[in-house]
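The structure that follows is given in the form of structure tokens.
Residue numbering begins at 1 within each chain, and the chains themselves are lettered A, B, C, D, E and F in the order written.
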Amino acid sequence: MYGPDLTFLGVDRCDVTEPESYVDADVMIIGAPFDGGTSNRPGTRFGPMAMRKACYLAHDGSRPSLALRVDALRDLRVYDAGDVEMFGGDIERSLNALEQVVAAVAAAGVIPVILGGDHSIALPDATGVAHRFGYGRVSMVHFDAHADTGDMDFGSLYGHGQPMRRLIESGAVRGDRFLQIGLRGYWPGPPVLDWMAEQRMRSYEMTEIVARGLNECLTEAFAIAVDDCDGVFLSVDVDVVDPGMAPGTGTPEPGGLTTRELLDAVRRCCYELPVVGVDVVEVSPPYDHADVTAFLGNRVVLEALSAIARRRKGPRGTHDNPS
Amino acid sequence: MYGPDLTFLGVDRCDVTEPESYVDADVMIIGAPFDGGTSNRPGTRFGPMAMRKACYLAHDGSRPSLALRVDALRDLRVYDAGDVEMFGGDIERSLNALEQVVAAVAAAGVIPVILGGDHSIALPDATGVAHRFGYGRVSMVHFDAHADTGDMDFGSLYGHGQPMRRLIESGAVRGDRFLQIGLRGYWPGPPVLDWMAEQRMRSYEMTEIVARGLNECLTEAFAIAVDDCDGVFLSVDVDVVDPGMAPGTGTPEPGGLTTRELLDAVRRCCYELPVVGVDVVEVSPPYDHADVTAFLGNRVVLEALSAIARRRKGPRGTHDNPS
Amino acid sequence: MYGPDLTFLGVDRCDVTEPESYVDADVMIIGAPFDGGTSNRPGTRFGPMAMRKACYLAHDGSRPSLALRVDALRDLRVYDAGDVEMFGGDIERSLNALEQVVAAVAAAGVIPVILGGDHSIALPDATGVAHRFGYGRVSMVHFDAHADTGDMDFGSLYGHGQPMRRLIESGAVRGDRFLQIGLRGYWPGPPVLDWMAEQRMRSYEMTEIVARGLNECLTEAFAIAVDDCDGVFLSVDVDVVDPGMAPGTGTPEPGGLTTRELLDAVRRCCYELPVVGVDVVEVSPPYDHADVTAFLGNRVVLEALSAIARRRKGPRGTHDNPS
Amino acid sequence: MYGPDLTFLGVDRCDVTEPESYVDADVMIIGAPFDGGTSNRPGTRFGPMAMRKACYLAHDGSRPSLALRVDALRDLRVYDAGDVEMFGGDIERSLNALEQVVAAVAAAGVIPVILGGDHSIALPDATGVAHRFGYGRVSMVHFDAHADTGDMDFGSLYGHGQPMRRLIESGAVRGDRFLQIGLRGYWPGPPVLDWMAEQRMRSYEMTEIVARGLNECLTEAFAIAVDDCDGVFLSVDVDVVDPGMAPGTGTPEPGGLTTRELLDAVRRCCYELPVVGVDVVEVSPPYDHADVTAFLGNRVVLEALSAIARRRKGPRGTHDNPS
Amino acid sequence: MYGPDLTFLGVDRCDVTEPESYVDADVMIIGAPFDGGTSNRPGTRFGPMAMRKACYLAHDGSRPSLALRVDALRDLRVYDAGDVEMFGGDIERSLNALEQVVAAVAAAGVIPVILGGDHSIALPDATGVAHRFGYGRVSMVHFDAHADTGDMDFGSLYGHGQPMRRLIESGAVRGDRFLQIGLRGYWPGPPVLDWMAEQRMRSYEMTEIVARGLNECLTEAFAIAVDDCDGVFLSVDVDVVDPGMAPGTGTPEPGGLTTRELLDAVRRCCYELPVVGVDVVEVSPPYDHADVTAFLGNRVVLEALSAIARRRKGPRGTHDNPS
Amino acid sequence: MYGPDLTFLGVDRCDVTEPESYVDADVMIIGAPFDGGTSNRPGTRFGPMAMRKACYLAHDGSRPSLALRVDALRDLRVYDAGDVEMFGGDIERSLNALEQVVAAVAAAGVIPVILGGDHSIALPDATGVAHRFGYGRVSMVHFDAHADTGDMDFGSLYGHGQPMRRLIESGAVRGDRFLQIGLRGYWPGPPVLDWMAEQRMRSYEMTEIVARGLNECLTEAFAIAVDDCDGVFLSVDVDVVDPGMAPGTGTPEPGGLTTRELLDAVRRCCYELPVVGVDVVEVSPPYDHADVTAFLGNRVVLEALSAIARRRKGPRGTHDNPS
């Protein structure tokens, strides 16, 4: 939508309005260049372009994972549908447009991977997937510094602080299948926390993660996620990482995960769980330095896809015979 | 709206909903922290805060102009009404909220000086003033790299590329009293240019300015501006200055004015013409360096206010006895 | 002192020269905008302003801690006294001015929280508190990459490399109640180290922290701190964090703590110990990127205040009934 | 070559090895992503990508010039051949590869427009064109802060300080048809200046330009350029502009042209002279800020193309009927 | 003083305490790495190092001027005395130390060229020179955005806003031989302006410069400067240039000269007048971008030295035989 | 080679062509200012200068290690030979020049410490050392995000992605004594991995490091390194650290070590192993922020030298009597 027309690391382009253009797809990259829902620093409209091109290797549609010994962009059939037109000044129209695209992709049996954009897009992203699997049948694994469960902000029901509330209110995702990882800081206050408790959401705050270890928390969370659900939506807000390591984001909250921790957690999630949709949000290039946050966003996507590919292919072999 | 509550260089705060709080006002600063109308780089939501505080001198509500020998912040009664709440994700609601504030201020006989925000706010700014003086009774002097006369963009009638068209269509400003200064580059194309010609708008492109000299162009433009009009609205898009000197903006077009030229032109405009409203727009802090563009925006406001003060006080004296 | 007049996240303003303006205070924020003591990169004069405003949430004087379930800015009565006037070119006069303010605040039974400024301010900060509690009755917990125990620098006894020596020499703080955490790198050399050993200071270098674990070191240090002392002064030099995560500082020494470790350590310190004064120093905005170091400084203050509030309120409840 | 595959503002792609893919071409954009010849700051390898995409308007292969009332990307048939593979570590092989491409394009009757890259590429660029028109039949108009007429540097005959000497030595361009505009600073010294004088090169230094006016200098230079030559090669080193306005370059020399002056000069050159080849060099994105230098490079290309289009179409009409 | 030991572009080092080390000197470079007098943004302590090394050519102690056909670093005997130790926290001691060095150098018949540092150093710089030539016998040509004639600031008589007042009060420089060029903005107010008028200082504000032309103003000023004075001190505050072109400074005031204008004015000053001392101040690297302001400072020094060399050598020859 | 002539933190200069100038040397610093082998972002040509000067302490040739209680720059005799002239445009000539210097230094019984430069220099670095100790007699400990074992790139056998392959092919280093630590990401693909396996290289990927712990991996690797080899070459690519903490590098791969981990690992390596050569590469200042990556490079060198000094001196004493 902004600037030149390019695909994620050079994968093939498709046209989401022409189903025959992606009939063999496993995964569809969708750009959501939107920051109309941000409460503070904007810039995530440039997130999709930044994540698509943040790589120093040739943009040749191939990325063999050293760790997993799969080439996600070749072992899976991955297309890039380009950007959904999302006008920053009209959030409702924009989110609706995105929901329709995601729903169409999911209906075709394809895993949508949406590149945000601010986190308000999680509402259409997860709703679009829920249209296919049924409301309440997809659980949510949500990496974030913030709960994003606010009610109203600036007089609007829609924005990047509210999508998770809207998803639970609509029934698209069950509150007791909502797993949040990495929360910290000074938001929200008691009324919202009470609402969250009523929904039986489970939030792994950084305090708990430090005390118990991230892996133990993930194991517990994953067990909940697959209990009486048919799929998992993975929503990664890049601000779950410490702003010292990932400065290019809008609402930086110190004290987060390291990038290594996030990448390993995303790998586990997509390898161990039946992931049916992914979004990576809140990468804001104007606040980035030397593209390090865009690189991180790009690698989160690749890590997710590589783990999905590995899951389909079965466990990796031994060190001597890895694939 | 974003961050701490501060006023323009420390002038007094007022509450626009309580007219008694500014009963003696000459000028009212109004923040329009909005970038929901931007077609490319966002960030102008932080323009009002940046322009209010970009000064290395004490924030004491006093700024004696060396050139004009007035202290605009003391010779005029200047208040700061703070920011209008403008949610980026809902442009129509936001522009309406701003229009009501500007109209109220103008109706009270006060000159509104609006700190943008993107240029979509020129529509409510000039319309709000037109409510008081009558549609077609206020001419427009418009410094900009772009004509901002587009029809639709991203499916919306509102945005930072269209406000001037909407103003003429509504009759708030007459097309033949629309003076544009500094246009250049590769927009708009023939259909929009034809529409502009039909409206009898007068655009002084950089090519003409270089050929004839800026002062001669201004003299000609000012004569048109006061012909059968009761007041002048001055709209300054900071991108009229070359992006090499003012990088903190959203749609940079090389080949513009120098900052010195802009300041001198603003001075002439506010000293020679009956200015009834001002906006300074498109300062985008995330793209700025060392705050130089914010400093420029601050100085454009001060230059305008100083010239208004000088106009009211009468011509400056001789060098030996200047005030 | 520099720029607009704003308070820490919008808490109430008070006037330190008018005791009645803060008669009910628990905590007083004091700005020390000073970098006249820096031996290398300056810029900490802008630290107070940067830490006061570095937050993406509304500046409304409320910050409910997710981890501790207190709202430090409401559960405690927190005022902001603004900045002490500290002229960079006259360090002795500046430090004296600050000492008087801190002493007055402490004498009123209020916890001073000083926002630096370079680390030379630790001398007046801790001395000011010692005036109330008695020389030698307040121990020091000092997070830093550097020992700050130099003797002379640039021919001056005062500077950001010497405050800890001056404090011990004067008797304000006992050498054997001086706990340093995070030291590393290539300073000081043997003569200063010998002096430190003579004073029986206890320095937990990064090497020891990595080997034993930060929590074990803290537990040991805290036991010393409360042994025959009546209060603890907490001095946090933001350069204790690795410069890769907190670049906005003057003397960056690679190999430091993560931000998460610092926040957790500050929380423990203020929750477990009777803290009677705090300073957060060496945040240097000109070297920061995207304000990440300013955000960190802001959160260090909030973490300290939240833990103080929690300590006063008693332990947090269970997960189901947390407050 | 680096990163995603995109064309100049969305014009059509062609394959230079398949002549049928550009049989109707008027102009061919060629990327020369090379900085192996830089004597100081590198980074021009990213110049082609930066100049291709530095525009806030839609990348739709259309750019109607406001000043000239042509749409260069439509009135001319413009293709983008992508980047020539130029390995930074092997300058001779790289320059040869580029020369072959330029020669092939010129031989096909197409105007090559090469996006650099450092200025060492001027040697293959102008030589490639000379292959078609004959050695000594193409004059050179060269905008630059530096003469680029050095003999050896780092033990190599090739580099960004020597191309103009090589061109004259080989006879590709006549020394007395070499017009340099914008020189200043402290290079070269007497031996090289003597050599230049022997070649009867004509250098318009900034001192002369300030004294006589740029337009008068250009008029004189253009007369020389068309005297007994069949075409003109235009070589624009972006460092001819003052580094204060165009910081993204490798060897910044204060005291240069403004961007407005450069754009107007390029326009005159391409409108008044029979330009047969163009290169725009020394845009170095790592040193740029907010892409302002990349924007300038993009506009230099557009200004050149627009003027070529205007020259072919004949003079622009009156203000009322411009095209 | 900060960082490695290097000389201005590689000229020879000397030791100011050993006169025999510079017995043949014409010019002495002296570093004044001081920002203890700044009222706002610090950083000029790094100005000397930045100006010494900001050049892309070999640091070989040779710089042939293209415009003047002299090699200032060879035609003159230029030494670099390194930095005077100036502790930012003690302005009086620091300024005294500098004054002694400058006085010693001037007494030896050498032209001191001081690299600042903030503008408070102009007091010891010009005073040091006055010790040799006599109080009132050296006039001042002062390029600056600000008059620097304040009385007290932060309770101190010394700082970068007051040096010119102190110089006139002490009699070191006569008020009526004080020529200021480039003033603009909103400082000082009437009381200081009245004081300046009483001293019969002559200030060429930007308004006058734009109206009359810079060259005419300089011609007039130069005539005053040499009337009944024996030498001229040239003080260049880099903020006389527009901050859009020279962002690396502490108190940026929009609307200044271009870099080209400053360089030409410095050349005229040093060629036409008997300059006996020079300082270049207020280059602040932390606020610079891509070193453009440091480059400018370096070139101001070279332009001054080249013009001094040219003045000694006599007028340049014709174009064909220039030296 | 670029800019001023300065030595590593002020150690003595020597001339590598005059052996008598370093007859007592233990260690020689050698600059390799080269980025002609980079496949993506350049800038490492400025790495040597940046690492030499990145320190806030006096550049006095002394650095007492707090952790190890040695002063490497004094306990060892360390010289700086300056930069090898390496023209970016001719990689083969440049690498040969470096190899000769390293070989000469090693032949003199001195430990060469080479400051890169891109990683293509590892080929001449380790080969130069192998000339003295014998091909296959020096093992390699290699910290990196990338294996650097590619075959051809851009048609060249030499570049920063291939040096490790060339070293094994030539026999300079045995494949089964090649220990790689920190690999991750999406390169290389199966053919190169197969080749690596055939050579019996041992790569500790981040996945293994996270699972087993860095110290356990190092212990294992070190045992291999000293098995039937006479010395160890330590090659540290700064991109082994996470780009969030070390952004100033050319091919950033998220998910790396922390700076603390790298420093501790380098210390162990140089203390426990007979290190005979070191290089520190891929520090790219144009992409750095606030010099944090240059500081890290400087500290890696100091950590290595301090551990070498400690190893020679014998184990450190107790805490009470450390040296």
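In the analysis below, a contact is a pair of C-beta atoms (placed from the backbone, for glycine too) under 8 Å apart; a residue touches a chain by one contact, two chains touch by 3 or more.
Bear in mind that the values here come from a model prediction, so they are computed numbers and not experimental data.
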item: Set of chains whose contacts include both chain D and chain C; value: A, B, E, F
item: Distance-maximising chain from chain D - centres being C-alpha averages; value: C
item: Classification of the chain A:chain F interface as same or different, half of numbers criterion; value: different
item: Length of the line joining the C-alpha centres of chain D and chain E, rounded to whole Å; value: 38
item: Separation of mean Cα positions, chain F and chain B [Å, integer]; value: 56
item: Of all residues in chain F, the ones touching two or more other chains; value: 40-41, 242, 244-245, 258, 287, 289
item: Chain-level touch network, classified as line, ring, star, complete or other; value: other
item: Every chain pair meeting the contact rule; value: A-B, A-C, A-D, A-F, B-C, B-D, B-E, C-E, C-F, D-E, D-F, E-F
item: Residues of chain D touching chain F in the complex; value: 2, 35-38, 40-43, 45-46, 85, 87-94, 120, 154-156, 158-159, 286-287
item: Residues on chain C engaged by chain F in the complex (per definition of touch); value: 39-41, 183-190, 197, 205-207, 210, 242-245, 247-248, 250-256, 258, 287-289
item: Residues of chain B defined as touching chain E within the complex; value: 56-57, 62-67, 71, 241-242, 244-246, 258-260, 263-264, 289-292, 295-296, 299, 302, 320, 323
item: Chain D-facing residues of chain A, complex; value: 3-7, 10, 52-53, 55, 59
